[in-house]
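Two complexes follow with chain A in common, the first pairing it with chain B and the second with chain C.
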Partner chain A sequence: MGAKPMKVVTGVVGNDIHVVANRLIDLSLQARGYEVFNLGVNTHLAEFFDAAVETGAEVLMISSLNGEAEGWGREVKLLKAKYKGLDELIMMIGGNLVVGSGNTEDIIARYKKYGFDLVCHQTDLNTGLDLLEEFIQKRSAS
Partner chain B sequence: MVIEAKGHCLIDVGSTYIKVSTANSIEQHFRDFNADILDDLLSKCGATVSQFEKHNVYICSSANGGLSTLIIGVSNTFSLKYATNIAFNSGINIIDTILYQNIDEYSLPSERIDVVIIVGGINSHSALFSDSLFNYLADLEYSNIVFAGSEQDAPLLKNHIDDLVVLPNIVDDRLHIVEQHLKDYLVNLYQQDIEGKEDIKNLYQITSNQIYSTPYIVNRALPFIGSKFAVANPFILLDIGGATTDIHYSKDLVEDNMVTENEYDRLVFKRLGVYRSRQSLILAAHANEFVYELLSYLKVTENIFNEHSDKATRILMQLAIFLVLYKISRYGESYVKLKLLAINSIVFTGGITKMLSSDEIEAITLFFYRKILNSDHRPVTILDTDYDIWTLGARGDDSCQ
Partner chain C sequence: MSLLQEEREVILSNEYVDQFDFDEVTEFVRSASKELFISHHFKNKQKMLVQPRGGFPTYKQQYALYEFFVDADVDVLPLTVDSNTRLNDYGTAQKMLRLSEENDKDMLNGYPLVTHGYRTTRKMITHFDKPVSLRHGTPDARLLIETAIASGIFEIEGGPITYLLPYSKNFPLDKAFLYWKYVEKVCANYSELNEPINRESFGPLTATLVPPSITCVIQLLEMLLSLEEGVTSFSVSFAQQGSMLQDIVTGKVLKKLAAKYAADFNCEEATINLVYHQWMGAFPTNQNFAEQLINLSTVIASMVGADKIITKTREEATGIPTKEANAKTVADTQYCLRILNGLPEVSDEQEEEILTLEVMSIMEAVFNDPADTLWRKVFNCIKSGVIDVPFSPHIINQNKMITIRDAQKNIRILERGNVPISDRCYEFERAQCDLSKDTTGIVNDIIHDIGIMQW
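Moving on, here comes the complex of A and B:
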């Protein structure tokens, strides 16, 4: 108690206008005590990183619902490497991470290669947020 | 005995011309760069100006290319972009923007900066700046410096930077822009002591009203433009000057993350002008792959760049129109891209309206839309031949706010 809330930048990447999950994520994160910076739908990858710089956020939580993340994902590492001081940023992505269907394990492996710490393909939000908490606890313990 | 003239006397000190407008007349004179601005003004239009009492004289200036700023911010999407927008709309020209994390890689500008703006971080973030900022500033020549970033970092910056002005953050806790404080500060800058701008301060001898920068005056007139011209929204306004070219545009023409109450934003190309910046305009033209085609379309060769005739100036103005449209299109490198196919009117103000006819201007817009955008779209050209827009904006706070 009394500790500063952890900051999370969230939004929907690319030209994706599916807004319902984004609203839910905002509310659920707040309910769990995070300070949320919601960039909304239609957000460019660079805006996520820029928002992390301006806010000092510890977590980046990207949603993709229409399958576009497939394309953006490949650019994540390259772009993040241009930022100094984001090495500790926890990178998380969820939603529908491919166009059509695919093998979940393959998808997770691919996105981890793109540079994400936590990958939640078609995972229920609360399950995803539990995973985040576990991850944070493990990291602060190590 | 002085017979006081009715109404207001409006004066615009540009980089090339001085204009004086009263209810009965509008005069325009080339400036003498060896003379003090006030002496120059009085020797050319003293008879007119002396008929007015100080409180009826309104002055704006873009002399010496206007006021300049260098902006240091921590991200392109938020602090730097917001400060850029505020500076442009306040009538200030941006010499450079520096992304703070890479500050060591930037070279120092050769000219003295009128005001340095430092921004970055929301108020709950801290320790965004450190020695690399102070080291850079130590070598930079500037007249004023202002910080409008995270309030937690203000004490540290104040400790290290002499005469630092601290203003409320331009980025709020939801990452939205807060314009007012920085804008007020910048708009009022001509009242500060700015090295190299002393002769503007001399102008306070003939006016008791605040001196503003000319582009700020033009920008604030735009919501009222319909009272003078049949302008169809959305529109852009081009002011091609001697030193810089200004564009003011309806906000409907951009898509971005900045939510402000302004209906019109401004953008400047600082080394694009037909007198003082003639050489850099020619350089920019050489660098554009379509310019040779444009020259042959205008039935001239590049030898025109070596001529100093009215015709050469007219061609340069036509080139400037083309280059500006190109720069704000999706092919250009400006910090915003405008939806050019949505433009319904293009308004031209400044010296260009005395030099070019509507036909000469339309030849260029037609070439641009056909050649670059593959479109038959034709925005309507409107010429502000009598400087009505400036007059509208200059008439003081009461009529324009």
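Moving on, here comes the complex of A and C:
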């Protein structure tokens, strides 16, 4: 990565206090050279976009463990449209994205429709972060 | 009228409280059966007391749970409170209790004590005539503990740090200290009437790679905050950490330093008990394995010399346990304790010395904070990261400390952050770790270290 690190806003969406993965995402992102703005657990969707604007972040990485992201997902596009300058923001979501169980391909398709570029359902943390790096490289190449 | 009494009247003049009768409650505590006081049992005990966890929405269910526990030879009954009551949302608790009663379906994850009220709950508690321990997780527990004591519940778990840092993202810590000051004072005042009300701190914290030094410091500070308000019976606690040796060392150091600091605060008359929690981390889903883990915890608690053990169940991995599973653990734990005889004395001088030094240097940093009262010193030290709890979700926590397990599964400090342990102790901690790994390797190890019991 270049001299100026990419900025990532991350946090756990909704009424979700599962903090362990959040801390590990923070550590791993830093180790890969990103500048991390970690909003922690129990974060509302609007707070993510506020932080992305405030920090000028290139990546928004939302995580969810209790599966309630499903309920928030539908509002993503609507809410994001109210902000200016977020068109280039890379939108990523990961964790356990449904309550109960579901078909991973269907889940990924659904979340892409909600406006996410990268969707990681029950994916290993480092695999997810590799996906992000590939995505960034592809985008800067095109 | 004292300021405290004025505050009590405000707290208890609540639309969810049915006329709190101060004089009647005082008389009740004064003449209550000694059997209801865990402090009385600690004084006269021949064996480790066994206490399960458990709370159900309705009176009938809670009563049935207690019947099962008594049949299983329980020593201490639990009363676990639902999450709405913990967050002072008594309106929702009331609605959900009605739904639970009308539909035969549990809409609450515990017993809504304030909603049931003390007149009703007292009937159950005095009927069973066993000590009851209040388990909750409430930053503002003022109304809850008034209701509990009036009901005959004479052990109150929790504290401003241990009930906040593991459970909340942004409840103000300074407020929690003041609300708990009220709890301590009320417990201290009632303690003068009969046997003492016992206060217990919640040592497991986040139950995720918390090093023993941090656990001990927080136990000692909550103990001192309680004793300085006049509480005379207090339990420090911690949970199974993953290494038997580390548990034994932690128990020894915690007992020794609790006595030392109580004496430093001129409270050597206070009774300090040691409580051990069976494994509080992620449990195996295989229920037979879960029972092995529970049994191992009981053995370690005996090696540690705990005064009380708090049990888990074989259904831990799947949700709120049934009363059958819960009672089974009590019976199994009692059996294990009966057959555990001739335990060897185990010690490790170096480990004890290192842990003692670590705890004392953090305590010293707290006492040296320029603030005028102990709770403000502690508040400042949490804010600055002198006290740092791994995996706390609270915004005030620094999260600069990184911990990991060594080859023996002892929890070690890999990065101390702002926690003022000496260079010598820090070098000892790091020397036990595998320092060759990069962050990705460390993160993978941490994930593994958190889940060590899930085979």
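Note that in this section the second predicted complex is superposed on the first by the 140 of 142 C-alpha atoms of A that agree within 3 Å, B and C clash if a C-alpha of one lies under 4 Å from a C-alpha of the other, contacts with A are read in each partner's own complex, and residues count from 1 in each chain.
The working rule: a residue touches a chain if its C-beta (ideal position, glycine included) is under 8 Å from a C-beta of that chain, and two chains touch if they have at least 3 such contacts.
None of these values were measured; they are calculated from a predicted model.
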Please tell me which partner, chain B or chain C, touches more residues of chain A. B
Could you tell me if A:Val19 is touching chain B, chain C, both of them or neither one (first, second, both, neither)? second
Using the touch definition from the top, say if A:Leu27 reaches chain B (first), chain C (second), both or neither. second
Counting only touches as set out at the top, which of chain B and chain C does A:Tyr83 meet: first, second, both, neither? first
Touched partner set for A:Asp50, first chain B, second chain C, both or neither: first
Now for A:Asp117: first (chain B), second (chain C), both, or neither, which partner does it touch? neither
Pick one for A:Asn126: touches chain B only (first), chain C only (second), both, or neither. second
So in the superposed three-chain picture, is A:Glu58 touching just chain B, just chain C, both, or none of them (first/second/both/neither)? neither
Footprint of chain A on chain B - complex, ascending: 74-79, 101-102, 120-122, 124-126, 171, 174-175, 257
Listed in rising order, the residues of chain A that touch chain C in the complex are 17, 19-20, 23-24, 27-28, 30-31, 40-42, 125-126
Using the touch definition from the top, list the residues of chain A that touch chain B in their complex. 4, 7, 35, 37, 39, 44, 46-47, 49-51, 53-56, 83-85
Sort out for me which residues of chain C touch chain A in the complex. 167, 169-170, 206, 208, 391-393, 395, 399, 402, 438-440, 442-444, 446-447, 450
